[in-house]
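Below are structures written as structure tokens.
One chain, subunit A, appears in both complexes that follow, with subunit B as partner in the first and subunit C in the second.
Let's turn to the complex of A and B:
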């Protein structure tokens, strides 16, 4: 087990290095640089001075070496678009906000989704199943943005039940100010509800036809025991496989939801930094996102063995 | 053992589900700090307030909330800033010599704020400003030297600030900002010493120009030219630009809370010299990005002023009769125009012909485009909008738009236009038929409005001139610039907003020292000729004389040389809640001036 963990850890480091290198060169290959937007109105001399200031007058390879060196020390470099900000500060200030929204969304979305999935599977072919699956398809097809705007217009605007925009801050950052979080959480969770309901239902239907369920039935086990001990446990493998992606995606923020509800989260920076070719921020984001994924996937691999003893971890291939 | 683990996991999930359900329905009792109920200001208090202004009852709570694109707020270093959203904040928490505002009729004015009065020497070269007694929020006095420090720091090539060229008019200004950071500290500091700005005493500031430039007043109203505190800059070090903590203010308001890219709270500065005339106690600036959200919040009174565009702007104009809000359209400072590639061999090969360029310009039915196609903005037959003044004399009132007569003469008639275009081809010894000519236009922007524009111009030129138009649209700005700098185009378009109130902010684009040669395809020969037309300005003080010179130059650019095709003056639409009074909309420098605004019941 220990050998396995050490090996996986080393693999993670290599993965992150490859990702950082690839991101750097991809960014360098795309035409344009973080300053080109700003400098076009400026006199030539000012322009040259600005490029020098940010080291953008250096050849790509030299910039790569400089970037990698400082990255090893944990310094991703200052943002060009936002002076005084680096990825660490950005994450410190915005990540907790996105993380709270993400955790709430995932909890509601995944749990409700799983419950609905179980119901749909247990009552397969009945109106319960059809209703759940109909709404699941609807929720998957309609973009999050539409849900957010509709909820905001009717619940907050016309009915005035909840605040239109805003997010708790200060001492209420993690607990409190719940009324501000209701609509964003709801808007975001529909996708997860639909996804997990369908996933679990499909998976349960696969399992229910397996011989060991038949065996369990013929042994005379009670229905709840069959469902919990055999059916659910074996159906959870695909759920566990996609869960880390959902979690990593959710806690790093949603561009649309944060935008509609004016939530000062992390989501927007993914898009803005790339558009602005803000190299240090893009690199930082990519490496940190990748790190979150890699760690979560690692945890999931360990979870597999708990769910299904047939899956074994080993230090070998 | 295994079973326990699973059941444990399941029961944990159940607990979490309960907690999550709690999240879904629970309502907290307290109000989060980032979102205080600013709506109370608009709904007003039912209590009669004793304070009145001109017969109106002041609301008990003098607080407003505004939509503010906080994502464009990059820096707390005023010399370094370059965006309109920064200007709105700094113009209200800091004070320079002048404040950009508007009079009762909505006309652009520059209010003497940091300076009490000023004098100009007869040759128009020496400006002497007498400063008001005002304090920073830490109790220190605002001094003339702090202005000098600011100008020098702005021009310092080691800082590489975007707006360093604002000191261009001052003696030694150009020499300073065009230096290289590698010229050495000693040389740069010597150049900073030589800059034509001097503190005669604590309250007297003298600025010396190399040639008359009345636009210096409107430049001084820009935040990049506001006074700075070198001691604070040194003390805060790296966090000066990025963090509001530790900053001091000398304006009508102070910043009390800032959430990056989200919101900011300004509160009244009790130590401001004119504090008794500042009635708002709190202004919340919130980033509301979606127009539909903005619409909800404006209608329920949470936002008091919005800046809608596109279909929303139209709907607000149509709905303004109800009397809840007023639609304001300040005199415009923005212009949109097409430019030609005159630097490289253009793909079509016809851009060198003045007649072809003129035919393209006259083919555009500007009234149809702004009227029935866009339903917004103002048709442009010139390059300088109606907002511009020279000194205090309006430019457009004295200079007719250069394209008007020509446009009337041709009246967008395809026959006449095609004849003109063919003459142009003849001059170039080009024997092609009109239908064999393809003009390549590069563009960016994929919004509905951009698409409308791209389709309109393609259609109009193909219809009226019989040429083919290849409209290449780039999804990404950077790719577009790449194509432009490689000269892979015949024409492109641009939206330009003046930085300060003088035609120069538009006109200097086409000078040899301007940026037109760098990114608007303008040729060096054209620039040299244009330089000659503009040269007399350097010795002319009288506003009417200057207007005449600008007028000739504009006519040459637009109607004679045809260096560009202006087609519309942009028009900003603002909606202001009728309970809010004395809220001003300047055309230059900043969008809002709410220094003296107040809320009525």
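Let's turn to the complex of A and C:
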């Protein structure tokens, strides 16, 4: 087990290194540089100083080495687009916002989705099943974007029930200001509801036909005991596989929801930073997001063994 | 005891016998799947809806002879009426024509990207799995690197370098999309590789390219078809989100994504400008998804009763 953890940890470091390198060179491969628009009208000397400040006067390889070295120390450098900002400050200010929205979305989406999935599987072939599955397909056929726009227009705009845009801040950052969070959470959670309802239903139908369910039944176990002890426990394995991906995606921010509802979250800055070729911010955000993904996937692999005694981790993989 | 004479025997022969004849025609996997698909009303209605949308989108703009870029300052923001079926937008352009052209572009992008994804993915996965060993290792690492770069970063950078044309949008969407298909195909072919028919083909000296193309890929057809069915709607989604972020096509070119993002700016007062393109997009994606669902039921041997 320890051997496995060490090996996976080293692999994670290599993955993050590769991602950072690829991102760096992709950004460097785009012709032009991030400063040229801003320094056009400045005098020659200031311009040279500006380039020196961000290290853009050096050749690419040199810049790569410097960036990687400072990255190891946790320093991604100052933002070019927003002077005075660096990735640490950006994370401190925007991450809690995206994380709260993400956690709310996942909680509502996954819980409702799993509940509907269980209902659909237990009443398979009945109208309950067909209704749930039809709405699940309908939900994944409507882009989040359109949900967000329609909710914003009709619920917030025309009916005036909830605020159109905005997000609680200050002392209400984590709790409070709920009326602002309802619509963004709703627009985000539909996808998860549909996804988890379908996933759990399929997985439950797979498990129901397994021999151990037959054994449980022939032992004379009561129906609730079969469902909760054997059926659900084994059906949750595929759910656990995709859950961390959903969590990582949700807490690092949704570009569309944050844009539609003007939420100052983490995801919104990514597009702006890439378009401005703000190397330090893009690199920082990419590495942080990938790190969250990689770590969560790692945790899942460990979690597997707890859920399914058939899976054993080995040093070889 | 009665005597058995030679005359009691005669040669019946086996020429007329049809005991070995195949009474029921052999049903291949694909024929069987098709038969089951035909029995699924939801899938059949979806494919009908898709054909109908495709026809309207192709013929539609010719009926009224509007140009989708023609700006009519006098006829701005008209509600849907007999002359303009979907009304006009904030620049007086006929929305029906624009939705048709936009849907055409979106469908075209989806079809081309899916084709590239499936063909490149199948070829890459096939080569990777068939040769195995070091080839497999190197090709797998390439995929891992490509997958690890954030998708949005690649798309934005390609659009920045190549400009906002249809070609660069296609390139941006296709660049890393085939990796998933390649991985799936690799997994399947790794299992098929040790089958007897592959060994037989190899023993006969069939070249590797022919084994992959003629023997291995056809056996992954079911998975490739499913892959196609799920990819088509996802590309329509991706195009629309890119259009919304302002990174898709630039005016005067249009697509459903561009129309939705234009509709958003005027949705407060003229909601139909958002609802028409969004509605068509949802209809197309819903039809694709329902059809894909039927296809999966038809192709998946596990669900056979």
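Here is the rule we go by: the second predicted complex is superposed on the first by the 296 of 317 C-alpha atoms of A that agree within 3 Å, B and C clash if a C-alpha of one lies under 4 Å from a C-alpha of the other, contacts with A are read in each partner's own complex, and residues count from 1 in each chain.
Note that a contact is a pair of C-beta atoms (placed from the backbone, for glycine too) under 8 Å apart; a residue touches a chain by one contact, two chains touch by 3 or more.
Since the model is a prediction, treat every value here as computed from it, not as a measurement.
Participant: Look at A:30 in the shared chain and tell me whether it touches subunit B only, subunit C only, both, or neither; answer first, second, both or neither.
Facilitator: Touch status of A:30: both partners.
Participant: A:262 contacts which: subunit B (first), subunit C (second), both, neither?
Facilitator: first
Participant: Who touches more of subunit A, subunit B or subunit C?
Facilitator: B
Participant: Applying the document's definition of touch, where does A:282 land relative to subunit B and subunit C: first, second, both, or neither?
Facilitator: second
Participant: Once chain A of both complexes is superposed, is A:63 in touch with subunit B (first), subunit C (second), both, or neither?
Facilitator: Neither partner.
Participant: Should A:178 be classified as contacting the first partner (subunit B), the second (subunit C), both, or neither?
Facilitator: So A:178 only meets subunit B here.
Participant: A:149 in the overlay: touching subunit B, subunit C, both, or neither? Say first, second, both or neither.
Facilitator: both
Participant: Should A:8 be classified as contacting the first partner (subunit B), the second (subunit C), both, or neither?
Facilitator: Neither partner.
Participant: For A:157, using the defined touch cut-off, is the partner it touches subunit B, subunit C, both, or neither? Pick first, second, both or neither.
Facilitator: both
Participant: If I apply the document's touch criterion, which positions on subunit A are contacted by subunit B in one structure and by subunit C in the other?
Facilitator: 30-31, 149, 153, 157, 259, 275
Participant: Can you list the residues on subunit B that touch subunit A in the complex?
Facilitator: By the definition above, subunit B touches subunit A via 2-3, 5-7, 10, 13, 16-17, 19-20, 23-28, 30-35, 71, 74-75, 77, 80, 82, 157-158, 160-162, 164-165, 177-182, 238-239, 241-243, 259-263, 286-290, 292-293, 296-297, 299-300, 302, 476-479, 481-482, 513, 515, 518-519.
Participant: Enumerate the contact residues on subunit C facing subunit A in the complex.
Facilitator: Residues in contact with subunit A: 144-145, 148-150, 152-154, 156-157, 160-161, 233, 237, 240-241, 244-245, 247, 260, 264, 267-268, 271, 274, 278, 281-282, 285-286, 289-290, 293.
Participant: Report the residues of subunit A in contact with subunit C in the complex, numbered from low to high.
Facilitator: Residues 15, 18-19, 22-23, 26-27, 29-31, 137-138, 140-143, 145-146, 149-150, 153, 157, 255-256, 259, 270-271, 274-275, 282, 286, 289-290 of subunit A touch subunit C in their complex.
Participant: Using the touch definition up top, name the residues of subunit A that touch subunit B in the complex.
Facilitator: 30-33, 36-46, 48-50, 52-53, 81-85, 89, 93-94, 104, 107-108, 111-112, 114-115, 149, 152-153, 156-157, 160, 163-170, 172, 176-182, 185-186, 228-229, 232-233, 259-264, 268, 272, 275, 277, 306-307, 309
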